[in-house]
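What follows is a set of structures for review.
Heads up, the next two complexes both have subunit A, just with different partners, subunit B and then subunit C.
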Partner chain A sequence: MSNVVSALDGQVAPGEVTVRELGLRGMITLRGDLSSRKLQNICKKLTGVAFPKQGGVASEGDKGLAWMSPDEVLVMVPHAEAAPAVAAIEAALKGEHFLAVNVSDARAVFSVQGAFSREVIAKLAPADLHPDRFKEGMMRRTRLGQVAAAFWMVDEETFCVICFRSVAEYTFGLLKASAGAGEVGYL
Partner chain B sequence: MLILRCPYCGVDVDETDLHGGGEAHLKRFGPGSTDDEFHDYLFMRENPKGVHFERWQHSYGCGKWFLAARCTATLEVFGTYPAQTTEPPKEVVEAIKAKRPNWEVL
Partner chain C sequence: MSTRLQSSGRLLNKNNPVSFTFNGKKLRGYEGDTLASALLANDQLLVGRSFKYHRPRGVVASGAEEPNGLVNLGRDGHFEPNQRVTTQELFDGLEATSQNHFPTLEFDVGAINTHLSRFLPAGFYYKMFIYPRPFWKHVYEPFIRKSAGLGKAPKDRDADTYEHFHAYVDVLIVGGGIAGLTAALAAGRAGAQVLLIEQTAHWGGRAMVDQPEIDGMSAEAWVAQTLAELNGMANVQTRTRMMGSGVYDHGFAMAYERLGDHGPHDGPRHRLWKIRAKQIVTATGAIERPLSFAANDLPGVLLASAVRDYALNYGVSVGDRTVVVTNNDDAYRTAIALKEAGLEVPAIIDARTEATGQLPEAARALGIRVETGKGVATVKGGKRVTGVAICAQAGEGSVLEEIGCDCVAMSGGWSPVVHLWSHCGGKLKWDDEQAMFRPDPKRPPMNQNGIGFVSTAGVANGFLSTEGALTDAFAAGETAAKLAGAKGKADKAPMGADAAEQPISPVWLMPQGASYKLRSKAWLDFQNDVKVSDVQLAAQEGFESVEHAKRYTTLGMATDQGKLSNINGLAILSKSLDSEIPNVGTTTFRPPYTPISMSSIAGVAQNELFQPLRKTPVSDWSNDNGADNEPVGAWRRAFAYVRSGESVHDAVNREVKNTRENLGLLDASTLGKLIVKGPDAGKFLDMMYTNMMSNLKVGKCRYGLMCTENGFLMDDGVVARIDEDTWLCHTTTGGAERIHGWMEDWLQCEWWDWKVYVANVTEQFAQIAVVGPNARKVLEKLGGMDVSKEALPFMEWRDGKIGEFDARAYRISFSGELSYEIAVPASQGRAFWDALTEAGEEFGVMPYGTECLHILRAEKGFIMIGDETDGTVIPQDLNLQWALSKKKDDYLGKRAHERSHMADPNRWKLVGLETLDGSVLPDGAYAIAEGTNENGQRNTQGRVTSTYYSANLGRGIAMGLVHNGPNRMGEVISFTNIGGEPIRTKIVDPVVYDKDGEKQNV
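Take a look at the complex of A and B:
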């Protein structure tokens, strides 16, 4: 087996807000009827978290479920479990109209942690990140600078950011620069 | 700057996250139609100063197409609704009429 490495091999930019590449994570794009009991059950079984509502996310460690669109959910599992998880989904949804693809190696995952992590993201994304509007448990797909990305809050001071692997370096640089520039003091 | 609410995601989305798709509620004229009808379908578009119905794609988000009613002069948004709608929904028409009493559905 080849030695799998993540895009930036766990690079860290320490500071008041620390940007950290979180390494490999198993991700499965699952499209289908999200109201299907079978689909919800297999997702819950694989991740151990509740099935998210519109615009929601639930995560615990490496595992999680994120609502991506009305017919798409992102299933997150530890990297080594991604292939067996796709097989499990295919077995569970046999006969239904669905699509499950292992996209683990097409993605990069970052954590942005610190007191003003909210502002680090707010400076880069055209999304409303006011504490009253963006809360824990919400998933937002938007862009950071010039690239597509999605993020959610793990806790009050920590964001988890995902983007395409091909733009991992750009995204890391962007987050690092935004964190390094300091707090705005607005949010 | 234009901010539209994606009816699928339920979030307010900035124009830079969206992709514009031109006029909404066009009737397609394909094979079997006359040249004039096909010409009009292909090229003739409304270009009003005022209320306009448009197609937008939430390209950086869910990727779905939706429709929006807005004023081209003031950028006021009257409502957004799913693309699987053949004519402006009642609540959007009412919202427009509340603000633009002289406006009529074409």
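Take a look at the complex of A and C:
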């Protein structure tokens, strides 16, 4: 399929902190018993990362696992691999009570990169982003401005932000405005 | 006259003179000035007119408590009214204008009100304007509106930007005076994460003026050393120009940072901080109280502390000759400071019978005349002070002597700033000895664990001496850090020393037995023009509660929220009621501490970020192709696609005809799509829907209704069975999130042991309705899956490829036409839409909007959630009994439907409505019945729920709920028509197009 496009088709707002739409990413909402060995194994097999604890995320490039709730994990794979990954999960968990559904296209993914990226996020999300308490490997499901969003840190200066596709433009606008407004000098 | 002194001016940078304008007049000041000090330096004593009587008013304070000095600042997109001159830092090019006067500040027609004050007593709004009734609207209100009010509302869009910031700290300390610094020192050393904020641009607070000794050094040196230590701690952050504006439940505090108010700037003007603190220490100091004597509102009468602030901080003398009026030792500092600056202090009028403390003795030693047991009978002067008349404080105001002066410095004692302590429920106690309310540490605001989360430190906690304040503040910081979980040691508290003071003697009225004439000129609330006599009148008229007296007199209701007036006012009230001050109590302290900009509350939410607008993969195409949008939740859906030269109505009519005759495309992506999966999913959906969903066969679709547990229709949509365990439920556009939450609510709270998972996949798909006689042709042209009648019958679905797209095709119809709804992944949505548009060209394809969708469904008598339903409508009202399963034991709403009112045969029921003249019924019109109800209103027998012009039928069509409607087919009734004759309308079948459904069944 040549015509697949993400919500903002890779839009970039360069600056001291750069906001970039990262294009399409494969995402699967997997609900089930997160303590199930089978569930954890298939997740690890598909992504190559460790299964996250409560509030955690593990990512490696386009692949990753994010803890979403006590019975939900987000499985991330390259976009083209999402449908086969759903099939693989369904095969692996046959007989268990679970739900695996491809939500890749229901999302938009951004990176927020730069020296004060923490502060760009802290302007918009009511979350504690102090470096002592929000670190790589942690996942926050919260809001940015007036919409639901989630984020984690890819490295010390880079956040990965996900939100619903329909509000991609609003979220990009928020991040761009907050990055453009400059540093707070607090975090 | 007020002027600039050569010698002093601690905060000024005299190497950097700046110019500004006041009422268009060009004036000069220095970097470091406030607008107030710069105005005073230019002898601009008069800064505004009072609210009610338009009396001339000058600056009275030097900080956030200022009631009089309010001006309009800036122009155009930067215009802002009601800005306090005392907190506005001066910058080059600042433009200020005075407010609340006509025609000019110096000559104001409204000042006549002061002579009418006899007719404008407390509560005059309530008393004077009751009769005759029409006079209120046509005479009184326009007059009051003209005379009342302070600044002008801005006319232009705000040109600045704003933002929010969220911070989490162990200990938030509000106030950067020596108490706040000390608390921060203790908390910081103990290892807590500390944020210390100060509302002004400077650290050190009053100590920098009053210069106590701390740890053997000057206050200035100690503050510098302490700041250096604090800034050296990684766990402590300090910020100036940031006001703690409010304290709320669960350790939440709001702070208002002014980034761009002190000169040209890049970036946001204000930043509103939303802070979660484990502990909050308020070191907010105290505010000096005015004294209530006659004409205490004349320009040139200031708080004693303000007079010395202006002299020492800004090198400004308010007058050459200053009379100090006091009931305490602290005001002697002003006399001494002025004398030392080379200015005249003709007398200190002390209401106390004795003044022998260190400060009074020092004043005497400087040769200043001290008069004890005396008071001010009245201040002399018009637009500025010319002298004071002295009397015995114990008497009724007989003048003993007049003293010429051009400034009066008054001090009635100090009130701790307890606002932040009180916002979330901290209680106060009355300290008789110091004549003030102070926080009662035994009754703090409690957090979620029942532990106090706010404490006060230093002067704010009622410790007025430097030594007491520092000891208290250190302990407060240490305790807060410990409560927040810090484990370190705070080390030792700094030691302070200042002149010992003798006790205050409370003076609420000067002289004590002042006559009515004097009392009616003794101001309590300068901004709202409330006098001693007004509060006494309120008490006399039975307004005994302080909250009632406040509202009746408007005491403390101005933009300064009574920072100067409240304590004096309630003391007068308590006296009038023969009660003790603590028994009368204070009014409620509410955030914000001082007004904050509305824009800071909005933050980044302005212009295109004002609210999130949701977009489908097709939205951009729609907006590029004439979409006239309507809001549907946060979506903007095309109401119609308007071509050039068309009206919206023309476009709708074209779309309606084309879809019935050729081919229409609708972007239906916004429809909710919920996946429900699990061994108990069928059982669950049987509870959610009124009809049966568990027996739906895989590959098939069924229309379903959802009711609330009270039986009212809440949503509808087509349900598809995907596999043995999985269903896909379509909801209305507005219902997607709501119904998802509804399902989760029942699963999590009621049927937590049922094995069902729900996921909202609304946005995963672009869903496009391909509608009309040519619908199959265009899909067949694109190729791929078999969409024939046989392969994909009505109310079934199939997965497959359409063209190159991954598609799920539902053969469902909301229009009565041959219709497919095709869902493709959202990332392919735009390309799929383009492909349909291109392939459909030869079949007469046109996109259609929501109005066309509504008309097509109304022609077929299909209901619409939100039109035919409004939260009071049940399925039976809409003749949907067929969708209420009798086979099921239970479903949400089933029991409610058995209630007598729900089963009442007299409920209005759905019918079609056809006007006799073919016109379109007004939306929401009522069907008129005979007679009137008990309120004298015309009886009704029904109402219109949907009404449109049908281009296919060439006339108006409508549906409505009518009493006994289905049994009255053919009957003619009348509907209301505002501004015209009632409309004669025939009751008809709701289905007015293709009754037998032949068009969709092909």
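Throughout what follows, the second predicted complex is superposed on the first by the 185 of 187 C-alpha atoms of A that agree within 3 Å, B and C clash if a C-alpha of one lies under 4 Å from a C-alpha of the other, contacts with A are read in each partner's own complex, and residues count from 1 in each chain.
By definition in this document, contacts are C-beta pairs under 8 Å (C-beta built on N, C-alpha and C of every residue); 3 or more make two chains touch, one makes a residue touch a chain.
Only a predicted model underlies this, so the values are computations on that prediction, with no experimental measurement involved.
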Subunit C versus subunit B, contacts on subunit A by residue: C
Subunit B versus subunit C as contact partner of A:Met68, first or second or both or neither: first
Touched partner set for A:Val167, first subunit B, second subunit C, both or neither: second
First (subunit B), second (subunit C), both or neither touched by A:Ser59: neither
Touching partner for A:Thr47 - first (subunit B), second (subunit C), both, neither: neither
Contacts of A:Gln113 with subunit B and subunit C, given as first, second, both or neither: neither
Contacts of A:Arg141 with subunit B and subunit C, given as first, second, both or neither: first
Partner chain in contact with A:Ala127 - subunit B first, subunit C second, else both or neither: both
Subunit B versus subunit C as contact partner of A:Arg31, first or second or both or neither: second
Residues on subunit A lying within both footprints (that of subunit B and that of subunit C): 126-128
Complex contacts: residues of subunit B adjacent to subunit A: 8-14, 16-17, 60-64
Residues of subunit C defined as touching subunit A within the complex: 161, 163-168, 193, 237, 239, 266-268, 271, 274, 276, 604-605, 608-609, 611-617, 634-635, 675, 677-679, 755, 757-759, 761-765, 804-806, 825-828, 830-831
For the subunit A and subunit B complex, residues of the former touching the latter: 54-55, 68-70, 72, 126-128, 140-143, 148
Interface residues, subunit A side, partner subunit C - complex: 1, 3-7, 24, 29, 31-32, 71, 79, 97-99, 101-107, 119, 122-130, 132-133, 145-147, 164-171, 173-174, 177-178, 181-182, 184, 186
